[in-house]
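The structures considered in this document are given below.
First chain A sits with chain B, and in the next complex the same chain sits with chain C.
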Partner chain A sequence: MTEKIPLLTAKNVTVSYGKRETVHQLSLNFPENKITAIMGPSGSGKSTFLRCLNRSNDLVPEVQVGGEIQFRGDNIYAKKVNPAILRTKIGMVYQQPTLFPFSIYDNVAFSQRMLGLHDRKMMQEIVETSLQQAAIWDEVKDRLATPAQALSGGQQQRVCLASVLAAKPEIILLDEPTSALDPIASAKIEATLIELKKLYTIVIVTHNLQQASRISDQVAFLLDGQLVETGPTRPFFMNPREQATSDYLNGKFG
Partner chain B sequence: MNRYLIDRICRWLIYAVVATVVALILLFVGFLIAKGWSTVNWQFLTTASDDGLGIRDQLFNSLYLLILTLILSCPIALGSAIALTIYGEKSRFASVAKMAIQALSSLPSIIIGLFGFLLLVLKFKIGFSVLSGAIALTFFNLPILTQSMSLAIATVPSSRLDAGISLGVSQWHTIIKVVLPEAIPGMISGIVLSAGRVFGEAAALIYTAGQSAPKLNYGNWNIFDSNSFLNPLRPAETLAVHIWKLNTESIGPDAEVISQGTIVVLILTIVAFNFLARQLAHHWQHKIYR
Partner chain C sequence: MEPNPLFTRSKEIRQDNWGRWLCYISVSILLLLVVTIIYFISSKGIQTFTKNHVSVWSFLTTADWNTGTLSGGKTDLGALALMTTSFVTTMLAAALATPLAFVIGIYVVALQPKFGQKFVQPIIELLLGIPSVVYGFIGLTVLVPIIRQHFGGTGFGILAGALILALMILPTITSLAIESMRSVDPSYQKFAYTLGCTRWQVIYHVILRISAKKLVVAVIYGVARAFGEALAVQMVIGNTVQMATSLVSPTATLTSKLTTDIGNTIDGTLPNNALWTLALILLLISLAFNLIVKGFTKGDRAA
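Then we have the complex of A and B:
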């Protein structure tokens, strides 16, 4: 019996900016339809690592990625891979909402339009489904033509999520998506993510311990660019194996 | 003296300085306009200088050269601005290029004119012509236009690129569909302001576009005829060069009057450009953000 090919795995990944190495020999497996939370204090390399997973680091000058990241068994840094197409499969939501100065509808429709979809009916369907999946449809369905940047921060963040979903990804990466939001808006996003993991595989970077414990199935703890500990969420929080992890969980640093 | 008093005195001093500057400009422009105003009339604008006082051909030459210059310089400036601000933001090449552009933008225009004379008029044998003038003006215009376009692109938040990337849209499409449309108001004001500078330029043209304005036939669309208004290889004296020539070489009795009238036309056109720049930029801003 052949082993099932994992959806996304990182093998001995190192990242350096010029001569400074910020992520060292990091290996991590991201199970399908699960939420993986990457935690760690500021500067631990968690965002840097996340940005390697869909090659959005490509645009930063002097960044070098070593090791291998495999998406369905294929190295995403291989020469034949088109990074733009890869990123439609592995989307990213950033800390600050990254909306365009367009209407809500045009924001969500943007990726499909760029991929060449011009059928109005299909587009409407995709926009509606995406906004529904991001749990923002009911709030915006009557004003899809209004500028997206007039929405509140939490709403904007969910429209961002909808825009990523409209590209029909398989994996969603989130880089501290709620750190600029109030608790109520954060709770809505968390509920949405738990719903979404039925359909997608989710990787979230967060420095909010409660958030990680509430929504994730698997946790990875990074410190100074090194993977300290990883495992299923409950045992990780109840009974950490490493001293550094328990110090972090108890608020001794970070 | 208490701090409150010092604060007030300094504020009034600054107001006084600003008032002086504004007063000087108004005085200067007002003086020139007052002197030449009576010369400017429809006949002045629509007759050739060969037939008397008119500046018809000089006015047309200025506009024609401006349009050709913008056609040549806008695409190059836009391309370099994209390269410098988005693709090569932190590269070594970009910083060298930026320094070169800054140095070029303060190059005296007479040097550009003489360079154009040697290279275009003599070496390439294009002669004193609209084309030589337009190419020289492109050299003159490029540094400033590139700088203002870079600035316009740099005001677009860099998160737009991240946003495009996160959706799997290529960098180029994000630039074309999102970044450039957002930068258009800034780019338009940059283009129109540089157009004002080009329109009033004399030194770069004296030895490239030449100092003579052959009488043009505005009905002749054959660009190969020497009297066709569209012929790019004919010499073309512009308004600014006309003023320079009237004041240095002309011995006619009307020279001073014509020069003063031409100055009024030149100043008013440039003021109109500035006004247009504001209006267009404002208009586009509204179009984008509704």
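Then we have the complex of A and C:
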């Protein structure tokens, strides 16, 4: 019997900015159709680590990534990998909702256009499905041609998510996606993510302990670029193994 | 009794008033200058038509520049050749300079920001600072002989003028293009990469698309500069008022005609008035460029 190839695994990942190493020897497995929450205080390297997972760090000068990240068994940092295609397979949503100064439709259709899809009907279907999956379709279906930047912050973030989903990814990375939003908008995003894990594998970086405990299946706790503790969400919060985790959960730092 | 501090006039308040008046006066002087310049050029420029009875229509549609009076008091004065040469030279210069300027802009903004900012931009700024007479001199001593050798004719003409103008407006368009492309929010680039763009797709579908309007404005500014440039053009265009038959036949532009003749005419006579009319045409055209730019940037939040 052959073992099933895991969807996404990080093996001994090290990240350095110039000479400063900010992530040390981090190994983590991301189970399929689960939500993994990466937690830790500011500066613990969690966002840096997340950006390695779809090679967004390539765009930052002087960043060196060591170790290996495997997507379906292939090292994504191998020379033959096409980073543009990789990023459509592993999408990313950032903290600040970012949308182009185009219409809602053009924003969501953008990735497919870049991939060369020109069929109008197929495009419409993809845009509608993506907006529905991001739970924003009902709010915007009558104004798809209006500028996306006129929407509220929470709506924009969900259109961002729809734009990422339109590229037909397998994994969605989210970097504190709700920290710029109000509680109601955050709750909507959380509900959406729980729905989405049926179809996608989700990795979310969050500051918010309650959020991590509400939506995640697995938690990884980072401190100073090191993985302190990882495991299923419930036991992690109920009885953490490490003293540092317990201190963090009790608000002693961070 | 202590004076009520609420009603004291402080030094700082007086400073505010002074500042306000200083601004009013400066702005008034500016407005006055603009109005007088326009009035002066217009009043001089229309004398060709009102005093010397040249018809506006023939001035704009005939190509012979004859400031003498023909038998029977008729005149044969037309600026069509000058205007045509001005337009053709300018457009050719813009067509040559624009692609190069955009590519340099892309290089500086999107491909090699560090090297671009350190080396390319200072070079562009250096080019901006070279006086036009120096460009003209280079054109006269280097460009004209080369054109004479390879394209025939005397070497003077639209081709020489357009090449020199292209060189002159290249830094103008480039630096404005860099500014426009740089004003595209970097988070858009990040988002585009996230959605699976290649570098070229980011440049074309994000940077160029979002800054398109401003890039058009950059080109218009370049065109306006080329259109108004006199000295460098005068040195290489040939200065013969005639419709150019080829890119290498000597001709003249509105501005080169002005610089060539301005010292050789007597105030109040037709030859002098005709030059003022050329100045008026130049003024109106630069006004048109301004209006086009205004029209383009209207409704733009950033511009």
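Here are some notes:
The definition used in the following text is that the second predicted complex is superposed on the first by the 254 of 254 C-alpha atoms of A that agree within 3 Å, B and C clash if a C-alpha of one lies under 4 Å from a C-alpha of the other, contacts with A are read in each partner's own complex, and residues count from 1 in each chain.
Operating definition for what follows: contacts are C-beta pairs under 8 Å (C-beta built on N, C-alpha and C of every residue); 3 or more make two chains touch, one makes a residue touch a chain.
Note that the coordinates shown come from a computational prediction; the quantities given were computed from them, not determined experimentally.
Partners chain B and chain C, brought together by superposition on chain A, clash. Of the two partner chains placed around the shared chain by superposition, chain B and chain C are both touched by A:Leu59.
In the superposition on chain A, contact of A:Ser111 is made with both chain B and chain C. In the superposition on chain A, contact of A:Met238 is made with neither chain B nor chain C. Of the two partner chains, chain B is the only one that A:Pro147 touches; chain C does not reach it. If you count the residues of chain A touched by chain B and by chain C, you find the higher number for B. Applying the stated contact rule after C-alpha superposition, one finds that A:Ser163 touches each of chain B and chain C. By the document's definition of touching, both partners, chain B and chain C, reach A:Thr98.
When both complexes are overlaid on chain A, the residue A:Ile184 reaches neither chain B nor chain C.
When both complexes are aligned on chain A by C-alpha atoms, chain A residues 54, 56, 59, 84-85, 87-88, 91-92, 94, 96, 98-101, 110-111, 114-115, 160, 163-164, 167 touch chain B in the first and chain C in the second.
Of all the residues in chain A, the ones that touch chain B in their complex are 54, 56, 59, 61-62, 84-89, 91-94, 96, 98-101, 110-111, 114-115, 147, 160, 163-164, 166-167, 169. Against chain A, in their complex, chain C makes its touches with residues 187-198, 201, 205-206, 210. Chain B meets chain A in the complex at residues 89-91, 159-163, 165-171, 173, 177-178, 182, 288-290. Partner chain C is touched in their complex by these residues of chain A: 54, 56, 59, 84-85, 87-88, 91-92, 94, 96, 98-101, 110-111, 113-115, 160, 163-164, 167.
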